[in-house]
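Next come two complexes, and both contain chain A; in the first it sits with chain B, in the second with chain C.
And then the complex of A and B:
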């Protein structure tokens, strides 16, 4: 082979390889998330940086995560999945994985290792609760109250059981309109030891016991179904205490200066993360995996905490959490995982609720409607 | 006559019997008409009727059990659930063979989700078993039954086997039974435990509240439509804009506005407290209950009542009223005996519109309904989007559809559907 020929061939090969690579990955991506501040934090922390690195790619947001499970099932049955990467809570990811609607992920080859070489599987640890789930953040459902609306002589609440104490803390409360979390708290405040809560809740008597405890405050509860409601209700003075996601409380207290106080006791940790729908074409799958690899690496997850007070799901990201991008306050003390806030916590029991959700929900709704 | 044959039949010019010839011409006309509406007909069939039929079909469809566990289902056919014993080794062997295939195709978890609707715990049982059955050796002599019980002790109880056997047919009435607060028992259908009953109550509440909403729409809408119909065109058009204005506002905004108005720290309570009519510690509860739902939905659906009433009232001649009065009728008699009967078609049309819209309403009861003001549609939405129990959602939807059709039929029998006018 003459030198000239070699150069030509190499160039052609390189060109072909480059061309093939570009062709292997789709150029359009549809990302699905929850809208609002959370989607914005994702956009700023890793979608915009990704698009800067890959100018040929365009990304579209779809704020449909709250109905993602049903929509994915419908798309799958119609044989036309239009989403590439979908943000869902862990329980939905388990459901999607069970239904065969989400793709299984191998953390060792498809997710980035930590900078110090720890494998992704170890870095995420127990948070990889499903074969299809790529965790992003840890959030918690926790309580907050308005000190000025509580009786002046009452001690500041320091336990979730203040929610059930109508004598010391009279006034309306708000709780989420579902049995999950509320049943655990009810049993805990009815005297069940924390490590026995799910054993008790698995029995018919335990479920009755939980509902009976909730019954003591039923006529004083406003039930919410969208997490934006509790901060609004508390700001209006409609309620004196209630539960919502810690990020919602953070935004009300720190960004809007509302006079609320957080009550971290017995907060319930839950996870939110990505899934890739099953049945994508090879090019789209390659693009989705490439994006996921970037978006869930150590630095990107730490970056997200500058925009929203949710804890990164990687152990290696925690030391990198800095300050709020606009307020300039340290974010670490506002993370649900901060040692001061995490003295008494629950982790959402995915396996238990996958089994018992239908059953307990039927009883809960029946109780609620009476 | 020349065109009459000996048998007496009338013939057309070309010799065929006139009757046949006419029928052919008519058929051609009908076909042409059909061809003209064919695009619309196909569109409606494909995009409206077919999806509804497909969704309703899910309320009885139950192929997943027999398709995922074909060998188990046939091996289980001889098992007597009343015996209190678990089935024999052969059934466990069949289950292992089925689950090996299902785990490879990843359909075992889907079956687990399906059976979990009937038996709590089936979801994790199948997830766990599917993972471990891959390692099971079917060739050896070891007891497969013991191996399954080692995976989970639930396999050693008759409950899961009874559930598989009960739900092995390709079609089931289980979803419909569930939708009317019943379940499949050992001796046929039986009532669910009282602490799980909810759907019949919700159906009843949905009907009751829809009637209340329709009633309040009639009461509020009738005078407005009357004023609109009797004002000069200029001012009537101005007022008409006010009636239509809500249509141009988002449904969520209108519903949320009612929250601001009616909540305990809201506008109305503040005014009442300021006037001294209500104590500050006894503010009225007007939202997150039935009252709030009825108020908000009446407001939202009012235009659907006013518009048909208005277009019917416009056609009522004012001379009739004048004639009645000149014959000695009081104002009330003239209205009640002469005007009102003529406006009934408008009330009928408006009522049907409002009632049918409100019976399937979802978003407003969800936001302002609290726990006493939610509708059956809220549970249907829950089963579609959260629990993924589409079979139950389809059964609830089918019942709701049947109730609406039944009411429509009853309305036709009592009032007469010819007596409904949207205008003219």
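And then the complex of A and C:
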């Protein structure tokens, strides 16, 4: 076979394959996400553009990411997986992958390379924390407060430890109803060095120490379980400070004009991204992969940052981040990864929590009930 | 109603403490909102006690006294808290003016039987106050939602603008969002498709089951009845999980028909119970008479039995409709995102983003329910009147 002929044959085969694929792909997709501003940013940044490119496809949103793990287990047991792509946080993706409920992804063939040719694996880098996980954004859990509700003579809070300082900053606060993040912050404010937090937390005394620190503010804490609650509570004046995701705070401050101030100190980074459930039919799997390839490319992830202040997971997307789609303000200073905001950050340790979560969860819950 | 008992003025030692007690209660409300409950109680009691004494003993003229107190508290309210304060003040002024003279003139006794002891009179009014308090307890959460749905902010908060009755604090944007947002419109369409279909199925099966089970010769009536009623007794989450696995196997999970069937199963017990209750008063000899005159069973059912048990069927249908229209647990399991109903959308909306659009929808649903129930009740009364069943 001559080289020319080989090229021609290959091209023809590729075209044929491409054509066959378009024929074999499912026409309906059910996308699962978190609802709210985040789901809207995904819809505007890549779902609507994808549907415009493929008018024959229809997409349905299901805002069920909160219970994605439980629902996928039930679907798997019933042999009736109705979701095509599911947006989950990294720790859920790791669990789903371990249980065989999510499909493994090969970043080099199934994800788009960066425009400059960098492979997807290198572009995402360390953020590919699981074989099944396709990262989209970096978000952070961080604190915010209402300056007008703090005592007039108190200095503006500049450290997460303000959360534990009832004397300088009296009033109710809100924290997420789970040990993750809260235990780390409690230890940090109890004098543990940042790089030793997880070593201390691995011990029984360390866990008791964290809970004892949380105990000092327990009667002043309103516990939240949905990230929409903290902005509501702070807007109501029910609390004076609290934690939530940075995108929620951004939306309340910049889009709703609420008088909150961010407290970026010791913000905890986490990842959110797609998984494809295991056990899809070939047509649906082909459609899901085709969508993922488009939705997680460099430009699409940068586009998403125009609607919400979460950092794109690809290194190559960062320079493309522009302005807010409606407000026209620069988004870069609102990203959790911006150098000004990331002066003191805390890296969430997936391995630690994978090993200790059930144990510390149980202790935290029984402490809560006390 | 004419007076039953001749009335006379009451002594100061009776009405002044009572008005002072009411004043203490009002003072508690005002004081708590201003930061000091105890101070509010003391000031309220003292103030209203003195006011009662002044109005009756010094002023004496009821009309001037009542209007004067009304105006005085209205102005005091403006100075304390602007327009909302004025409204609260005016309400207090009206109430205390009326209350003082009502007690002072002994009018509270006029419409009660003359032989009642003071204890019975007290209970007569205490009973009404308790009933009123229960009513307020039931209805306040629904009423609070309504003004909040006109909020100009995206939070469940009474903003300072709203409390000042500033038009800028109010807007219809959440109603606009409900009417233009495709998520809400799809959910509304699904609810409107699913609920009537489920109601028709529930009414059909439920009525037939109730008629069959009321025949004395049917074997195992009680056991069958218990099984049919069980969806109402078994915790909803159990039924939902069971339906999820069963419907998944037979391919009904995630289809409209599956959701309709599931909701019909939930609605049937309501229809059975209401229809069975009306059948208790149904005279069997009427069906025999119809048969005697040559009507076949189907004609007998539609021409004789159905019109008489119709009120039970209609109220059962209403319950079945509301069950399906309000239901969130079963549809979360049996439906998929394509069959998202209004309650489902409200549920996820509350959890993911606390948007007042939910309140706007709630207000619309409350209004629709009131209209629906009123219309049905009016139709029922009209048909009863036409058939000569009730004199009114």
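Keep in mind that, in the parts below, the second predicted complex is superposed on the first by the 351 of 370 C-alpha atoms of A that agree within 3 Å, B and C clash if a C-alpha of one lies under 4 Å from a C-alpha of the other, contacts with A are read in each partner's own complex, and residues count from 1 in each chain.
Going forward, a contact is a pair of C-beta atoms (placed from the backbone, for glycine too) under 8 Å apart; a residue touches a chain by one contact, two chains touch by 3 or more.
Since this is a predicted model, take the numbers as computed values, not measurements.
Participant: Specify the outcome, clash or fit, for chain B and chain C once both structures are aligned onto chain A.
Facilitator: Aligned on chain A, chain C clashes with chain B.
Participant: Looking at A:121, would you say it contacts chain B, chain C, both, or neither? Reply first, second, both or neither.
Facilitator: The answer is neither, since A:121 touches no partner chain.
Participant: I'd like to know which partner A:61 touches here: chain B for first, chain C for second, both or neither.
Facilitator: After superposition on chain A, A:61 lies in contact with chain C alone.
Participant: Touching A:212, do we find chain B (first), chain C (second), both, or neither?
Facilitator: neither
Participant: Examine A:236 and indicate which partner it touches, taking first as chain B and second as chain C; both and neither are also allowed.
Facilitator: Both: A:236 reaches chain B and chain C.
Participant: Between chain B (first) and chain C (second), which, if any, makes contact with A:35: first, second, both or neither?
Facilitator: Second partner only, chain C.
Participant: Looking at the overlay, what does A:355 touch: chain B (first), chain C (second), both, or neither?
Facilitator: first
Participant: Touch check for A:156: first (chain B), second (chain C), both, or neither?
Facilitator: Touch partners of A:156: none, neither chain B nor chain C.
Participant: For chain B, sort through 61-69, 277-285 or 403-411 and name the stretch that clashes with chain C after the overlay.
Facilitator: 277-285
Participant: Considering each complex separately, which residues of chain A are in contact with chain B in the first and with chain C in the second?
Facilitator: 66, 236
Participant: Which residues of chain A touch chain B once you look at their complex with the stated criterion?
Facilitator: 66-67, 69-70, 73, 95, 97-100, 172, 177, 208, 222-223, 225, 236-238, 351, 354-359, 361-363, 365-369
Participant: What residues of chain A sit close enough to touch chain C in their complex?
Facilitator: 30, 32, 34-37, 39, 60-64, 66, 74-75, 77-80, 82, 226, 228-229, 231-232, 235-236, 256
Participant: Over in the complex, which chain B residues touch chain A? Could you list them?
Facilitator: Interface residues on chain B, with respect to chain A: 106-107, 109-110, 112-113, 116-117, 120-124, 127, 195-198, 201-202, 263-266, 288, 366, 370-372, 374, 379, 384-390.
Participant: In the complex of these two chains, what residues of chain C are touching chain A?
Facilitator: Going through chain C, the ones touching chain A are 153-157, 183, 244-245, 248-249, 253-254, 336-338, 340, 348-349, 351-354.
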